[in-house]
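Input: one structure, supplied below.
The letters A, B, C and D name the chains in turn, as written, and every chain counts its residues from 1.
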């Protein structure tokens, strides 16, 4: 059976942009995708230069995302890009995704899906009416052992879930002098970042991870957000107490001023009969701790794991896989969904669908609820999914 | 110079009692104390049998703590006990300590100091007017590297403290069927345990550890307490958001239903220029993580540590010391304080005073504030140290 | 500046072959290489099918490596492959590499370079007279912190090296019933594997790692090889005591019957003033332990690392990188060397040359010396680099 | 039932001696032993002062071990010491033990049992003819999880043992300038230390640990011993390849110049169906790794352990126990054996006998064989247990 590589376009991700390079590596490594075009910068010259450094021909380096969608749509079907990868700053995610869908292109977007919950709800309607694939890169769901964790919960190996402790700590915003740090500048700026820095950037990943593993929804939050300095307009640290639809309680810690922490994402799920513990620093290990018995160290590739975990693993046990492979797993899911759309190729065994616009809506609702709960003297606040 | 062993009496800790055996081991291992008498049970016969199994003569096995204090006080000074160790259930800590002080005996008491904040304040006055030594076994402050952590904070190696995350998780109360588990029965019973199970038993240790290391005080709390089952009258799980006098914010997690956790006490302190991480499971390791530099693994006995850490260490590097040695360090401090009282022997270099009734008062205030904050819809509650 | 992707051909690596897929992922992920052709199997039909599944056109799927080299050489320069990747079983590495070099193609070959030391020496002469690039995938030298380790040794941070302990343990050959395990079958067969199974497959990686980090050469060996069963014609376990040119002594443990070990490659280097410890299971951590001071945990991306380590890192600290990225780093080196050859593009800052045929020669000499030392009653044996 | 404390005397262990303090702590912590007398130094005045600092009366502080045995033997039975603890430098172990046995006293001796194999064999005969208890403090066999490891091997949970890797690494002799380090001085001196420094001090512990856990005997050795400097008369580093009576092969690494290592004792045992891994740095964890399944982390106090491990544990799970508790477990065994001798009190459930003079003989044979094997050009050498 022949394989045709899917053709990818990219909006954003010009020279020097961190996340664009990550997306390209993740997209390319499995040999199923080729990068064919892009609007890499709002500056036409920079877009051209970036594209050429990536090996593209000049005529596929566009001056704007409008041009990209218009001119690609006009190409013959066997040259035209199959999907666009959106890696712009947050405030452009929505307009670019909207334009892509309206031009008939599948979308894979960096997170957050939009700038506000309102936009997210609008985008959800657009996706649903489009019959196109929209995927959101909640990267951490791509790890094999995160999938294994979800599978263990689903198979009731923990019993009913009682407590969830999830944490995402970083230290990179500790230093108040962020001059010259572009990442810091736009993330701490409400105009480009949205209503939250820390919760919007990483807290929402933690919330998504908890909901994904437990197949549960956070319904109520009590939140405390902080900034290391009054000059900062957005939060750089916060803690959220929460309750879930299925009756668990939980704690979510997120921080960008926890000096010494690299990218410390960890989740523990405690059930009635066992608990789980997964830590991104050592992503190929998942702890399973049964009541009154020895803990079991589940490892990628060792023993009998779920079909989902196995499909997300590339190498034999003991060959550490990491963040880029997890990210590539999202692209694998997305590619499989697009192929299903194109020619009804069924999803390969164990390949799940990528996070969707529904996750995007929940994420935006989480962020906005946490921010408003923080301002209140009341302890508990429901997460509002609809805005009237 | 000759050394005279101090003579210890014990109230509680009869056969089968867990904490009594711990106290005796901790007291004996350094060869500075001998056990000479006890009222090991409220049942005179059990007290006698317990004492004989411990190698005591029958006439020093008392039928009640009243007898103990009265008859020991009547003995010649060179036979009379020097201090009493109180290891009864919680509700007796106060009356026994009070009786001891009134009879002129130094006291080392298991924690909590009393049953209520009111009693704690009363006991504080008694101690202060007595000129006797009163020590409270907040065990975890006895670890060498906890002392090192305190020293690093004191020497400003972390800069101003911004955030504290402290956790004490256990799983032993997960199973709802606690029949036949004596420890579970009395701890979940408000008559013997007080207003809280989880916060009173272990949450207060976590709070004490944070205050000890940071030399700071928790001033405000927001709390969420839970019980695994409605049949339980007291909390078995909880989270506390807090603020401190010196301007840090923090999170305290305590749980007895986190299945798979053994005795997971961990504290992380994040300052402006570095952070600390200490975990009781590996108590001989303390992480120091400076801003933008490699983390340093401080180990008991390796390199140059503080005088306090060094004085609390018995063996060369790589010989793991643990819980019993930490506990014994409290007894060492207590012994040194008593000797200072008896004959003005100065405290040895690096030996700190043991936790005192002041810690006991703060602990009771923490417990009562957290319990009342949990019942409120308001987010924040001050810790009240005085009851009117 | 424009970038032209290098065009890769592949020999071996048809459907189901483990190492071929690894090479492709490593080659593709950085967007510098495109796969354009291959002779994926000695069976023409399988080669064609494999190639089509990889997205190749039929006319670039060759029936044999002879065809590959002949027909690619005949293509116009702007279509012709730039290099070939050799991922056949061991006994074909030499003839394929030889044919490639003779046809004027750069070569990147899986390890071992050849079937015997004699072939390796012959290949070395061929490479040297060719002015082409030949790289050998000693994968583990591609890890950022292995490069950091080498840099620390080179900068004398450890003082003179006294002792090296290197270990490569696996358990996958524990089970004697290897029926149906193709990997086991050919590796335990002298016809396809060579004079050694365990030492040839993984022991040589360990030796290479030690020599790479210490910039030293093993000169004498004492060896003990074992087989779990007399039915096995080759070793599946062994230990080598060794001495080096610079005066260190060492121990090399290699095993494929250490049940429970995944792919446990670890090296410790002890100098006069400090030691290093690196473990592939957690490849983003490197321990540096100075004399009489706290150990330092060097982490990928944290603080100030060498230019070599930095160039080999794709993501910020805390995003675990693993085996595939280490492998991709070898391809990056190789690509840089080929570009240097093509148009004098200088090697990018921090990019080292990939392991070469000189490493291949040393590897074969190590394997053959260890095998012959094992058969002897004498303790010590020199490593012979020249065969007469 | 009444308990009588056993009365301990001590030879050696005066002020400032490391190992004497360890023995006293281990002896005292369980409340079964009281220190009643000693000959703490060969200098009568120092012996007296040391004894008084330990709380002894002057008349029980003896000027020599001859006095100790003679005068204690003359005391009434209800005052006389029950046993002597020998903590002198190595060369005195034998004469003191001999004198003790001849005077009718039970003996617990620090390791090595004697200065030479010849003395060990003589001592074995003396013990056997005496009907007294002789125990040797091979400390590491006192850890609960070392006992669990032995139990797992005995119950065939690993199948037949194929390979043993045991290591004992320290760095404290790295620095060549050992002036002023008393421990270094006597250990590197053949007159006080014997034929070996590193193998005699710690290599023999590693060998004992392997034999204890596997209930097997090392029969043949190939050894490489080193010294960091030619000025050293004894080894400070070495590796031993070995074979065992039951058919396993193994590697023993011992070092005192592995800078950065604290007291790194680790053993791995690989069987046909599972493996074990235990590390003294984290002594409350034992890894059990079955073939083709997830690894299991056995923890002190968690789940169902052997009667031996349980009897050797003092605190609930998660309260780290360490070196001093392991040492105390040897004293517990010794006490139980002495009580059995005195009044036929049976050994408590799970309490094993302490290491004996048979272990002492094997240890001396190991040391002497390794030293002579090192001098030979031949690879393999049998361990000789009898000297003619």
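The working rule: a residue touches a chain if its C-beta (ideal position, glycine included) is under 8 Å from a C-beta of that chain, and two chains touch if they have at least 3 such contacts.
None of these values were measured; they are calculated from a predicted model.
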Intersection of contact partners for subunit A and subunit B: C, D
B-C compared against A-C, more contacting pairs: A-C
Where subunit A and subunit C are represented by their mean Cα positions, the distance between them in whole Å: 34
Distance from the mean Cα position of subunit D to that of subunit C, given in whole angstrom: 44
For subunit B paired with subunit C, centre-to-centre distance based on mean C-alpha positions, whole Å: 56
Per-residue overlap in subunit B, given as positions that touch at least 2 other chains: 261, 292, 295, 299, 302
Subunit B partner contacts - residues on subunit C that touch it in the complex: 288, 292-299, 302-304
Parts of subunit D lying in touch with subunit C, wherever the complex brings them together: 162-163, 165, 171, 174-175, 222, 224, 226, 228, 237, 239, 241, 249, 251, 253, 255, 257-261, 268, 270-275, 277, 287, 289-292, 295, 376-380
List of subunit C residues in touch with subunit A within their complex: 1-5, 18, 21-22, 24-25, 28-32, 34-35, 52-55, 170, 172, 261-264, 280-283, 299, 301-302, 314-325
